[in-house]
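Take a look at the structures below.
Both complexes below contain chain A, partnered by chain B and then by chain C.
Let's look at the complex of A and B:
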């Protein structure tokens, strides 16, 4: 009797662990499985390689996590990335700017776009899906108008230090990895440990209640879009620096992949839940799956199908544990 | 009461007023700036407009139904590409080649079946798991695109069949096949939404799902049918387009979902579900295509199209909100 009770408590705590950290458990199982199958998978160079190639997506996902926890969406990050990469490359080539001025100028312009998002969604309270859908289109048009439809390239690549953000490494660690890790730590702290972070959760969890308890909802939402734009600018910098050139469509389609990583990490689209740590796990899962499939000799596009299945399973299991039933109650 | 009616008319007619405005503007501006000096509002131009609007338009009609239902489908672009690939590839299967021209309707059938199957997958997942349609179809957008690539790698899929091209370029009253298909779809789905029980249920479920469940509607199968419908329409769009072009690139159809949603929202359908109309979507599709064409006509850079459409979408959202101050709160996904 006692034995069964013990067993059921154990089962419950395992179930609870799975419910709370399911994605982390899945990640560990996946990593161990793959490492047993092919030791090269956890080779330090391979690991850094994966994180480095996930860094652009990852940095964007950090910002989008704030927006999603705040109860909104940001579909404009993909075209915003194209914009920031094109702008920073163009200004880099402009003798009046040079790399040292191009970077802050690009940050300012990208943040202005984020502020526009934040104003429309935070202060005017327009629907974030449609506003950022409109911004996706508008920013794409802005980028094309700015560049005249041309690709941007750095002419003299050997004479600039601009490549450091995408190609450099410090202490044997690639700089994009350092940027991703540093920003994740900083934003994770802000979200988890500061009053501002708690306000983001409150606004996303129940906006009306947050307003009644004196939280400036508009200002908080506005700030989440600024953070998102800041992350996009950083990702754009890494992108531009790594390739020293960019097409107008470099970020196309990334908005939905970023969102997929955030959702995979367990943030709810209803707002109010999710963490930076989980988003990082979501990003890494996508990156390591891609890598694992490549090592297994499969083409890159197989990962799309695997990602599809994983996202739906992850979200399904999440809501199934919450409602206590596997199948939906819809008739 | 009359006030209400006037307001409805105003809102329903807004998109057509906008289209009229576009026509006048581009006609006048064209005379001032256009290098060619041709009239903008002429019959050939307008017929061409319908043809060019067809691929997105057919999909947007399906999107309207799904959105009235309170759902969304982000996977239509990938469905479009996969249906096109299946259609063209099937033409070179041995038994199909033996059939000669008889293979063409069969190839179309395979394409539509592909669309129906993909729609069925989405619909079943939404129904049975209860995961939000946004997430289900976001995942499917990636997954279906993966299937597109797995079919033929990164190579384009070709098959040029002149009989098929002739059918695609056939004209009735000056309208080419894609435009005719588009108009037929608009008419058919409009009838479905306004004259049938299924259409009435679609509004009821989108308006208040719980109430619909309590009223005894079988919400799950209903949602499933609508996802199959949009899958078939995305495939039909591919049939109408690729029959003429004869070549599918694996990246084709990307961002179609976003264009379709833009057209639907411009046409007055609400993201919250429960409200919207097929005719409004027709207006939204035409307005976007007119804008593309018109900006080209007056010699503006084609790049500005995206900028203008994005701005208009946000402006429409803002105006709509101002007009509906007391209306229902916007949905949060």
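Let's look at the complex of A and C:
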């Protein structure tokens, strides 16, 4: 009897750990399992390679985390990334701008797109799924109009310092990783520690109660879309700098990967929960899964299917934990 | 009433929710061809009883008999199959569909290959509508109908089956006098056909006009049945309230300060019109009336959630205009809203953060929220309000209703308001917390706060208020001081019966 009691306590604490830190536990199990199967997986170069290649997705996911905790969606980040990369490359080549002016100009234009999202969703109270899905396609059109359908390239790659954001490194750490880490620390502090961060949780957790507490909801939602656009602009800068050139479709499909990372980290699509730290874990899990699939010799394209499976699993587990049951048909 | 087999009989129904015994052994029966009123204050258990009858709640104990055959109601469809029909206060119609489709929803007549037999559907529906003497036909889209006519559609739905018992839940709440006459005719027809009718209403006038017997619930318990012809309003009221309340506490004139808030001719469309009242520092002003009388809307206007269409609001003698809750809060007006879970709290957020939410901008050290400042506010109000929570980190969703309500009250007290408005202070919370909150409201007044309490529960409003404003249909019917208020007077005022009083 005492044995079963002991066992059930142990089970409970395991269950509790899973409920609280399920995503971390899953991460560790996944890493250990894959490493046992293929030791190359945890080779230090491979690990750094994954982190570096996750940086662009990661920076975008940081911004989308604010939007999702605020109770909304941002599906426009993929095409917004294409836009910012194309714009910054084009202005870089424009003698009137050059790199020093191209970057702030690109930030301003990308933020304007974020402001439009925020205005439509925050102040006109339109549905965020519809608005950002529409923006996904509208920005794609805008990018093509801007570029005339041409890819952008930097002609004299050896003569510009522009490559530092994507190719540079400091203290042996790639700059994209430094930017990702720095931005994660900054935005993590803002979300967890400032009055603004608290309001984002309140607005996403219960918007009506937030209104009744005197929180200007529209302004908070607007701000989350500005943060999202700022992160996309930064990701676009890294992207353009790394490749010194870009296609009009460079960000295509990234919106779903970003969303997968955010949800995988444990932010609820219903709003009001999630953290920057969890999103970073989500980004890394996604990166390592995709890397693991490649190491396993699967085609690159398989990852699109896997990303979908991950989204479904993450959403299902999130909802199932809240409902307390896995099987739950519409009644 | 020659038949003596009840159409419907409930026996010893018990239903408990965590912390509340909502129904405590309720028995009651309806004879065929009888209109039986079910009365009781809000919260007395009428709705819970009807939900048990409709199979929405399963009783913890007790039995249901339809024509003396014991029946277990597992859901609304089963209730319908047993011939028990409900006309709800809140309509449940599909606005985009036609009247006929709504009336026969789920059992449309079919032709071969599952095609809908529209001709039969419209013919049958029109036949029912004719009985109801309405001026729309089976093809009308429900969304185009007035609320009253939508209610007629609900009634038509009840007439499609061979109903043994029909329950009307506050059916006249949104009807005009002319529409009421039609409704009463329909009820008379049903009764003539031998259907047992349960009629839930607060309106004495209607009760005396159409019912045969009256059963009364109080605090979840059955208090007795009266023959309508042999009783009067006084007796009913006494049974509903059940105690003579000790108002002597308020008879001693409280130390009143200057007028904190005054409304003059305040209107908001048809929600409420021409409301004039004032509340002084050190005073509790009660607002009493039926749900929908406009009390909550007045509170929301004072809190900047609604824009008045006429009249003015004066705070300490200065006229103010409130465009949003942000402005109301800045001026020292706080609202503990009607619905704790929807409007009062972020359930997933912890206790401390919920309390400090409206002032989080002011609790900073540098750019960050100061943990220490927040915890000290939490500790202060936890102690003052005796909030029982394992820790400040506990999500408020895990607390009991009473403790949740204390969190909302703490949130607004910590803002040190000039005027504290509390809408339904004890809805859905246990008896112990209830009296704690009542004492707290009295205590706050004693400390000099101007307090406005809105309540649908008469004992509550009598217990905590120094003065009571009675509302009916968006208008203030009468104002009572604690010394002059009587339960009868209040009930009459909120039922619109006081033509002479003012």
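Just so we're on the same page, the second predicted complex is superposed on the first by the 314 of 331 C-alpha atoms of A that agree within 3 Å, B and C clash if a C-alpha of one lies under 4 Å from a C-alpha of the other, contacts with A are read in each partner's own complex, and residues count from 1 in each chain.
Please note the rule applied: a contact is a pair of C-beta atoms (placed from the backbone, for glycine too) under 8 Å apart; a residue touches a chain by one contact, two chains touch by 3 or more.
All of these numbers come straight from a predicted model, not from anything done at the bench.
Partners chain B and chain C, brought together by superposition on chain A, fit side by side with no clash. Shared-chain residue A:237: touches no atom of chain B or chain C.
Legend: residue contacts after superposition of the two complexes on their common chain; A:210 is shown touching chain C, with no touch to chain B. Residue contacts after overlaying the shared chain place A:149 against chain B, while chain C stays out of touching range. Taking the C-alpha centre of chain A as the apex, the lines running to the C-alpha centres of chain B and chain C meet at 70 degrees, rounded to a multiple of 10.
With both complexes superposed, B is the one of chain B and chain C in contact with more chain A residues.
Within the superposed three-chain model, A:139 lies in touch with chain B and out of touch with chain C [touch as defined at top].
Contact with chain B, but none with chain C, is seen for A:311 once the two complexes are overlaid on the shared chain. In the superposed pair of complexes, A:303 makes contact with chain B only, with no contact to chain C.
When the two structures are aligned on the shared chain, A:252 is found in touch with chain B, with no touch to chain C. When the shared chain is aligned, no partner comes close enough to touch A:88: not chain B, not chain C.
For the overlaid pair of complexes, the smallest distance between C-alpha atoms of chain B and those of chain C rounds to 5 Å. Interface residues of chain B, counted against chain A in their complex, comprise 74, 125, 127-132, 134-136, 138-147, 149-150, 153, 213, 217-220, 223, 254-255, 258, 261-262, 265, 271, 301, 303-314, 317-318, 321, 330-333. Partner chain B is touched in their complex by these residues of chain A: 71, 73, 75, 120, 124-127, 129-131, 133-142, 144-145, 148-149, 252-253, 256-257, 259-260, 263, 269-271, 299, 301-309, 311-312, 315-316, 319-320, 323, 327-331. Contact residues of chain A toward chain C in the complex are 189, 193-195, 198-199, 201-202, 205-206, 208-216, 272-273.
For chain C in complex with chain A, the residues that touch the partner chain are 303, 305, 324-326, 328-329, 335, 337, 342-349, 353, 357-358, 360-361, 363-364, 367-369, 411.
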